[in-house]
Amino acid sequence: MSPIDKLSALFEKFPGIGPRQARRFVQYLLVAAPALRGEIAEAVRSLGAQTAQCKKCYRWFPTEDSASTASTCAVCANTARERTLLFVVEKDADIDNVERSGYKGLYFVLGGIIPLASEEPEKHIRLRELLKRVEADKPVEIILGLSATTEGDHTRQILAEKLQKSTSKVSSLGRGLSTGSELEYADPDTIAQALGNRH
Amino acid sequence: MSPIDKLSALFEKFPGIGPRQARRFVQYLLVAAPALRGEIAEAVRSLGAQTAQCKKCYRWFPTEDSASTASTCAVCANTARERTLLFVVEKDADIDNVERSGYKGLYFVLGGIIPLASEEPEKHIRLRELLKRVEADKPVEIILGLSATTEGDHTRQILAEKLQKSTSKVSSLGRGLSTGSELEYADPDTIAQALGNRH
Amino acid sequence: MSPIDKLSALFEKFPGIGPRQARRFVQYLLVAAPALRGEIAEAVRSLGAQTAQCKKCYRWFPTEDSASTASTCAVCANTARERTLLFVVEKDADIDNVERSGYKGLYFVLGGIIPLASEEPEKHIRLRELLKRVEADKPVEIILGLSATTEGDHTRQILAEKLQKSTSKVSSLGRGLSTGSELEYADPDTIAQALGNRH
Amino acid sequence: MSPIDKLSALFEKFPGIGPRQARRFVQYLLVAAPALRGEIAEAVRSLGAQTAQCKKCYRWFPTEDSASTASTCAVCANTARERTLLFVVEKDADIDNVERSGYKGLYFVLGGIIPLASEEPEKHIRLRELLKRVEADKPVEIILGLSATTEGDHTRQILAEKLQKSTSKVSSLGRGLSTGSELEYADPDTIAQALGNRH
């Protein structure tokens, strides 16, 4: 395989990228200065060396030079965060979004979601690690921040069961009309949820 | 103006219809059998004669031949509905959608929404009629079923104030993740609402 | 069926209209003034009486009161048009679009397109009428203005055969890059056509 | 800047990639095996070493190990191609698309397009190189394969002037209905072109 085809094939595995756009990426790099290519190559290669997975929440974070021995991310290390709240999410990208909402507690990244048909939930998410974290830290409240999808609901139910024995209160995100949505176009299930959660 | 242009102009006022689609409607009617045109014309003309506005909820409903003197719609006339609940909506189409969610109470149609800049809320919605209905029926709970938009929020606030003196409990629809939405793509305000309404 | 459901069902047959939008049309009419409903009903009903199908090109056109005996449309009646050119189109709406391009000749509306599987082309288009028109008027050139689709190509081929015996030159619209399109995103067939038609 | 932010910023410069997708790429790489990251880094870095710009058409091509001294791409080196035809394109990606159309001649990549406001066309495209190529090879026909956009038309006009003195015939791609387009939705300029190029 030519280096052009090989790099195209690698880009095709990137999330949301098809053959045509993968090829455009390669064209972009072909025309780019060798220095830029070197910079990108170095950034990709050293991503592992300069980042680490947080020992507490399991998200990936940049290891600062000055504190290269750090084993926890900035949020987990921040003593000003509300340590009684644990927000459980599916993946790293969810955290970025939740941070924008003004949430001030801690996180735990499941690293996946449990498929409906799965017999072994442990294979898809960090269940053991979550139970260990809960046992060690004893948060007052665990917020199950799963997506409002069928698989998200399924994962939430299994987690709720598994966490039943913990001393933490287990809560779920509110369901209802999302900001900007109109009643006329809301689906019946969302309206039913919005009615059930009226206040 | 030619009859073709005139009918096009009338169709252009239909919700969501632009000049091109209005013209396609006219083409469709031109090619259609005269009998179909007659049927449509008759259905449009007699819409008023065969429908009436409900004296209680103000929605439009078909008047049955057998009970042509009926002044209330099927929902308002149905004694099996929960008469302690009053769901206040912006427009008739909202009711169709709320019915699909399994709601079993009564309704009131505001007939509009209050623009942010308006000095006279009464000009845009049936405020006087709502207050009269509440005073007469004294529902245990009034659910303000406005859309989750800026104007919807604005209208809800004004209604909440105006209904303060009533003996009814005034509630709002729950806000949060709508069914099917993913945490990663939810907007920060929706996440903040979902967090605030966690349970 | 209620008058609301009945009118909804009629609107659902309009081109491009689904159940939800059909219902919104009815709501719009319900809330509208009875006078507007009457105006629409009258415009729909009288569409047939105030329009006629052109005896030459078969398009639908408004019959002017003063000249209610007119049997040809404004274009066919206009002696300033180039009468040596005959532009054959599938449907009335195509003419509106071709007029905007500055074309100054005459038209003929086929009233349809020939499906690939059809054994009887005459059932789908005004073939006999076209041949008669060509024989009578003997245009110098017949432009087959079909869409650049598989069915359009199929219809063009059949028409070209049927018109072989006429004394008119039979031509087709140029194929190639449409205005605004980029080479990178053009499909191979369009590029092949653009290459074949280079000048 | 953290390595995560740095790599995100580099991905944001990729064609068609916004901040959110750039971040997803980084997440994908963070979770990926270090070996895959190494493979991508190596492929990006070595792209320059394993590819070269063709001395004849200026496209980028993979240099085969066996013939590492090759200075022309596979098409330019292929003696079976029609060497009398020169297809001038804006960028490498256009060639992939033209190849799919069955074209069998040679190419020249301009490396850009001339902006409408530009005073110095030479700054944007390989004009000197094109003139030199034409003088050396004396193709029978030069096909100006620019996009059907305003800038493409502008570039074509300037090239046509500059090539006037050459002995080659200078042609342009055919304009008209692109494959699959319908007459009803074609823009007036495309119809005018299709009419002008009828055959």
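Observations, loosely collected:
The chains carry the letters A, B, C and D, assigned in the order they are written, with residues numbered from 1 in each.
Note that in this section a contact is a pair of C-beta atoms (placed from the backbone, for glycine too) under 8 Å apart; a residue touches a chain by one contact, two chains touch by 3 or more.
All figures in this text were calculated on a predicted structure; none of them were measured in a lab.
The most distant chain from chain A is C, comparing centres defined as mean Cα coordinates. Taking the mean of the C-alpha atoms as each chain's centre, chain A and chain C sit 54 Å apart.
Centroids of chain C and chain D (each the mean of its C-alpha atoms) stand 39 Å apart.
For chain B, the set of residues touching two or more other chains reads 91, 93.
If you draw each protein chain as a dot and join the dots that touch, you get one closed loop, with every dot joined to exactly two others.
The set of touching chain pairs reads A-B, A-D, B-C, C-D, using the touch definition from the header. Looking at the complex, you find that chain A touches chain D at residues 2-7, 10, 14-16, 21, 23-31, 34, 36-48, 50-51, 60-62, 91-93, 96. Partner chain D is touched in their complex by these residues of chain C: 89-91, 93-94, 97-98, 100-103, 143, 145-149, 152, 171-199.
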